[in-house]
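Shown below is the structure under consideration.
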Amino acid sequence: MVKYDPKQWLSLILHTYSRQVMKTLTPVSIVMLLYTTLCCYLYIDVFELHLNKFQPSVSVSSILGIVLGLFLVFRTNTAYDRWWEGRRLWGGLVNSTRNFALKLNSYLLKENHEDRAWFAAMIPNFVFAMKEHLRQGVQLNQLEHLDEKFNEDLKKYKHKPNKISALLYERVNQLYKDGVFTGYQLINLDKELKDFIDLMGACERIKNTPIPYSYMMYVKKFIVIYIIILPFGFISTSGYYTIPIVVLITFVLMSVELIAEEIEDPFGTDLNDLPTDTLAERMKDNVKEILL
Amino acid sequence: MVKYDPKQWLSLILHTYSRQVMKTLTPVSIVMLLYTTLCCYLYIDVFELHLNKFQPSVSVSSILGIVLGLFLVFRTNTAYDRWWEGRRLWGGLVNSTRNFALKLNSYLLKENHEDRAWFAAMIPNFVFAMKEHLRQGVQLNQLEHLDEKFNEDLKKYKHKPNKISALLYERVNQLYKDGVFTGYQLINLDKELKDFIDLMGACERIKNTPIPYSYMMYVKKFIVIYIIILPFGFISTSGYYTIPIVVLITFVLMSVELIAEEIEDPFGTDLNDLPTDTLAERMKDNVKEILL
Amino acid sequence: MVKYDPKQWLSLILHTYSRQVMKTLTPVSIVMLLYTTLCCYLYIDVFELHLNKFQPSVSVSSILGIVLGLFLVFRTNTAYDRWWEGRRLWGGLVNSTRNFALKLNSYLLKENHEDRAWFAAMIPNFVFAMKEHLRQGVQLNQLEHLDEKFNEDLKKYKHKPNKISALLYERVNQLYKDGVFTGYQLINLDKELKDFIDLMGACERIKNTPIPYSYMMYVKKFIVIYIIILPFGFISTSGYYTIPIVVLITFVLMSVELIAEEIEDPFGTDLNDLPTDTLAERMKDNVKEILL
Amino acid sequence: MVKYDPKQWLSLILHTYSRQVMKTLTPVSIVMLLYTTLCCYLYIDVFELHLNKFQPSVSVSSILGIVLGLFLVFRTNTAYDRWWEGRRLWGGLVNSTRNFALKLNSYLLKENHEDRAWFAAMIPNFVFAMKEHLRQGVQLNQLEHLDEKFNEDLKKYKHKPNKISALLYERVNQLYKDGVFTGYQLINLDKELKDFIDLMGACERIKNTPIPYSYMMYVKKFIVIYIIILPFGFISTSGYYTIPIVVLITFVLMSVELIAEEIEDPFGTDLNDLPTDTLAERMKDNVKEILL
Amino acid sequence: MVKYDPKQWLSLILHTYSRQVMKTLTPVSIVMLLYTTLCCYLYIDVFELHLNKFQPSVSVSSILGIVLGLFLVFRTNTAYDRWWEGRRLWGGLVNSTRNFALKLNSYLLKENHEDRAWFAAMIPNFVFAMKEHLRQGVQLNQLEHLDEKFNEDLKKYKHKPNKISALLYERVNQLYKDGVFTGYQLINLDKELKDFIDLMGACERIKNTPIPYSYMMYVKKFIVIYIIILPFGFISTSGYYTIPIVVLITFVLMSVELIAEEIEDPFGTDLNDLPTDTLAERMKDNVKEILL
């Protein structure tokens, strides 16, 4: 995620989009420039169609423009909602790790260094495992290795964050059976353990479910058709002014779709993705500060 | 559900919609092509109405176009919300099965193979029963049959997922009465059992409740009326250019409605439906990995 | 509620709206037909105002049309949200009755026929009482009468669903005092009893609170003013073509408002209302199947 | 709140808005009538500017009209959401008072008249105190005075609903300490007591937080600027027809803002405010019927 | 936050925006004034381009205007939602502090002055620490210092609100271990302690996560491009009237973006920010009134 000052207009206007957006936007703009120039040349100078009585109407572009605008906003809302829900979920994880650590801190004796150290390592382990699980897969070297057995167990397990959660559940329940936690405290701790799994599952849902294929096809088809027919609405009244008009509208419409693409899977390492690395580090610091 | 890369413009633009959408879209486009050609021919060449002083105005199409656009977005939002809520519910089921398994895993002794095996079979059974219950009806061969009695009981029961849930509730409560679970653990387990029923009920709601009949009629009537009057707004200024204009707008407007139809009942086996088969398998794997 | 196949375009386009919508729509369309004809006749043939230099502008209708369109979508969203929230609440009731029955089933001994029979009668009683409470008032003959006293008590009570809920609360608590339920089970049962009251209260809210009077006046006034001034925007350019234009726009705009009226109080017996009768029967069947 | 039948078009169209809306709407409409007449007179008859080559364009009004329309819908949504959230909260209070009374009824012995009477007085006291606390301040004469001490205590306390809530919390806890309620019952009762405070706090939030000052200024400035420049878009093509056009658009746009003003603080005694007096009476009746 | 009467139109229209908005709005308006004048002069008087056959079309501004309008509403909604969610969270804090104090008040003996005083100081300490934590950092002099150790501990801790929360958790748990609170009461108190952390975490989320960089760039770029091309749509038909038209539209569009900037980080001390200082004081008063 880029940190920026939303009040710096100049820098925001003059900077270009991320490389990924430009990679599609630049060639498309150039193609549309050439295509529109060709249209104008053929229409006006070669066939002199602008002298005909009947002309294609700019009304088509107006009517479709409104409908397209509405769909682009639908697209933007959807992508933004996914991004913001992702952020909410990670914010929820910050809260749950803190609450879990705070509860453990008040339930465990100050001198119970062993259990404190174990939880102070294992809670961040869950977070780091989840972070990479939402990318290409858990990276074991990011985790704190408590003993050899932990290492071995984790390797065998397919769904690694589940395993860490299982260890947390087991330890909490063992301490309850040992009389370190009372039943009332068990109930209070259960809320946070449940939250860990719920939050991870919701992130998996966002990651694994793009918007329906048909809508994605529809929006992209609509944009392309729209900019292809665009020149004909303007040629007969605006002549060669049509060229900058078409390039500009192409730029405005394509940008929306390309930005939405960047935003909608927010757990990666793109420019606009959520700062899950930073958040995970912060959680680690918080938990360690509370428990140790 | 189709897995696709949202950043592949070319493939998304060039592929056609699903067979079901095309089945309606193709004939309608052809009919509109012929109808508009006929209109133009009669208007311009036969009756020469375009020479009259008074002309039908394209403003009608503009005004109605905006209103129609707003309703199509309403339609799209509604259909998408149903689809996304369905996905949320199945995501919730993933979470609840995991949490339930994780809690059981920590509460049951490692050597208690009998109970572990029973739950590791019955939790996925609930999921698979629910999946088919949302289609044509539970398929008993998808379930793991623990003993003859289970099989018999299930056949007699009308609402099969309810029966499986009843078995889960009973087993948990029996273990509580036997002292395997404490009361505090019972309270923690109750949350997940309740979730199972709540999630299934919410899916049933989506499946059994299409959007109100009147709205469905209204949107479809509006689209049809709109494309029928469309040619008259363009004929007098655009002549035979009206033909591609009308076909194009028909294509854009009909697509929205046809895609919405495909999305709004998301538990079937259509191209855009939710991957409930895959999700059910994943839950089975997760639960078995945790409990066994 | 009408069951229909959303993919049957022909039948949806050719059927008329419900009788209630047509009762207003037909006369209004006829009045507008006559009114517009008169306007055209006076404007063009009598006073020949279309030859004047200054003409009323269709831009007024365009600008107001967009604003009106936005408000009709607001109106539609509001009405639909009320309908869908009503459906959600009844779906919640399905879930709560199931969960309550499932919990009771696992907590009560199989041979405890008396309590099982009592709950299997009283839970559906609550549902049936609530259903009619949201219409004209509870119909005692729809309830299962367990003994004379129940009958008498209910007659004296003003808010009948409250009384049934009180009986449920009392019986559960009595069984807790008698040691049939433990305290942990009491906590689990309490969630469902609370849900019953919350769901009923939310339905009462929807039923008793129409959208604010001023908004209702505003939308209706706006529609009427809009269609009254509509002819003047078209007369000078479209002449007698104005007549079908006005009738068509009237039809489109009035429909929205009339459908919204039908949808927004969803607990009645209108064509588009929720199928609460069917749902209540289904709950009864479910509860009896689980408990008996 | 006005009770009305949303299906009575005639009465809704012919009635005027509330006095408060008309107080602003009438003078503004008259001013705009005079202002537009003056504009037309100066433009057409005095300076004859309509004969110039360059004319102000109606496109400005079109473009700004759409943007303004979108903001008016934003304004309407915001105001309506506040109103509806207020209604939800009071509906929640109905539910919580009922649940609290039902639970107490089942937990307290039938013959425990003293505690029953105390709660039957104090729950409605909380509701009535909260109702007036959201207006000008708690009116002690609306409360049921149980003894002198209650009266005295309340007078000294600044935040009176808090005091009543404190009394409820204390009594419940005292009965728990005395063994009348068990710990499990205490947990069940705690939910409702928490709800009381949460619901009151949320109502305070709506009451004390108008929409941000800058947005309020922006919307009002925008409307005024819009109607001031409106005549110039129409004068050159519509001449004196501009006068009714401007007055009509003024009426439509101003109404939205004025109605939103009326709706957004829903706890007062305006025509469109929530019927909190009726609701409070209904809660009192319900609670007394349940407990006594 | 500015307290104002939303019904005072005159004062709202005549007051200027906050200094910060004007700081950008004024120079931009002046630049656009000069730029448009130059455009008109060059176009009409120098090059006499308005006599050409082909003219740039106002349709471009219309089509893009609608799309831009939709995005500005998206921007406004997003900013307003952040602001309102912030308000909701602080309202939630009001509720949680009250509930926590009310519960403590009923659980602690009246004569237990020591614990009461400690909580009556520490709950507001959490609120004040959180308030400044959301600005530049906790200001220790705003907190009530109970003893030297508290002071020392807090200084060493990096995340100060976490430390205060840890103290609250510890004290509550200590009192539970000492038998002052029962396990049931511990469960009830746990809800509020959890809320404190959840609410703070959600506020941190809003503060630390601006809307995605790409969207911010897009909206700002779009506005600037839009107003730069704006004159060319009007010059050929409206001549020098273009100047006021462009300045006006610039003013309307820029305002939206500038206000959104002000609203979206609501915890600072800007004119439109939330009154967190006032709210914190009110919570302090409430808690002290309840507990002491």
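Some points to look at:
A, B, C, D and E are the chain letters, set down in written order, and residue numbers restart from 1 in every chain.
Rule of thumb we're sticking to: contacts are C-beta pairs under 8 Å (C-beta built on N, C-alpha and C of every residue); 3 or more make two chains touch, one makes a residue touch a chain.
The chain list, named the UniProt way, goes like this: A, B, C, D, E = Bestrophin.
Since this is a predicted model, take the numbers as computed values, not measurements.
Under the touch definition stated at the top, subunit C and subunit E share these contacting partners: D. Two copies of one chain, subunit D and subunit E, form a contact in which under half of the residue numbers belong to both partners.
A straight line joining the Cα centres of subunit A and subunit E is 23 Å long. Each chain gets one centre point, the mean of its Cα atoms, and the points for subunit A and subunit D are 37 Å apart.
Within subunit E, contacts with two or more other chains are made by residues 62, 66, 70, 73, 183-184, 187. Viewed as a network of touching protein chains, the structure reduces to one closed ring of chains, two contacts apiece. All chains form one closed ring of contacts, and listing them from subunit C in the direction of subunit D gives C, D, E, A, B. Within the complex formed with subunit A, the residues of subunit E that make contact are 24, 53-57, 59-60, 62-64, 66-67, 70-71, 73-74, 78, 157-159, 162, 165-166, 169-170, 172-174, 176, 183-184, 186-187, 190, 193-194, 197-198, 201-202, 204-205, 209-218, 220-222, 224-225, 229, 261, 264.
For subunit C in complex with subunit B, the residues that touch the partner chain are 1-2, 4, 6-7, 9, 12-13, 15, 17-18, 21, 58, 61-62, 65-66, 68-70, 72-73, 76-77, 80, 83, 87-88, 91-92, 94-95, 98-99, 102-103, 105-107, 182-185, 187-188, 191, 233-234, 237-241, 245, 248-249, 252-253, 255-256, 259, 262-263, 271-272, 285-286, 289-290.
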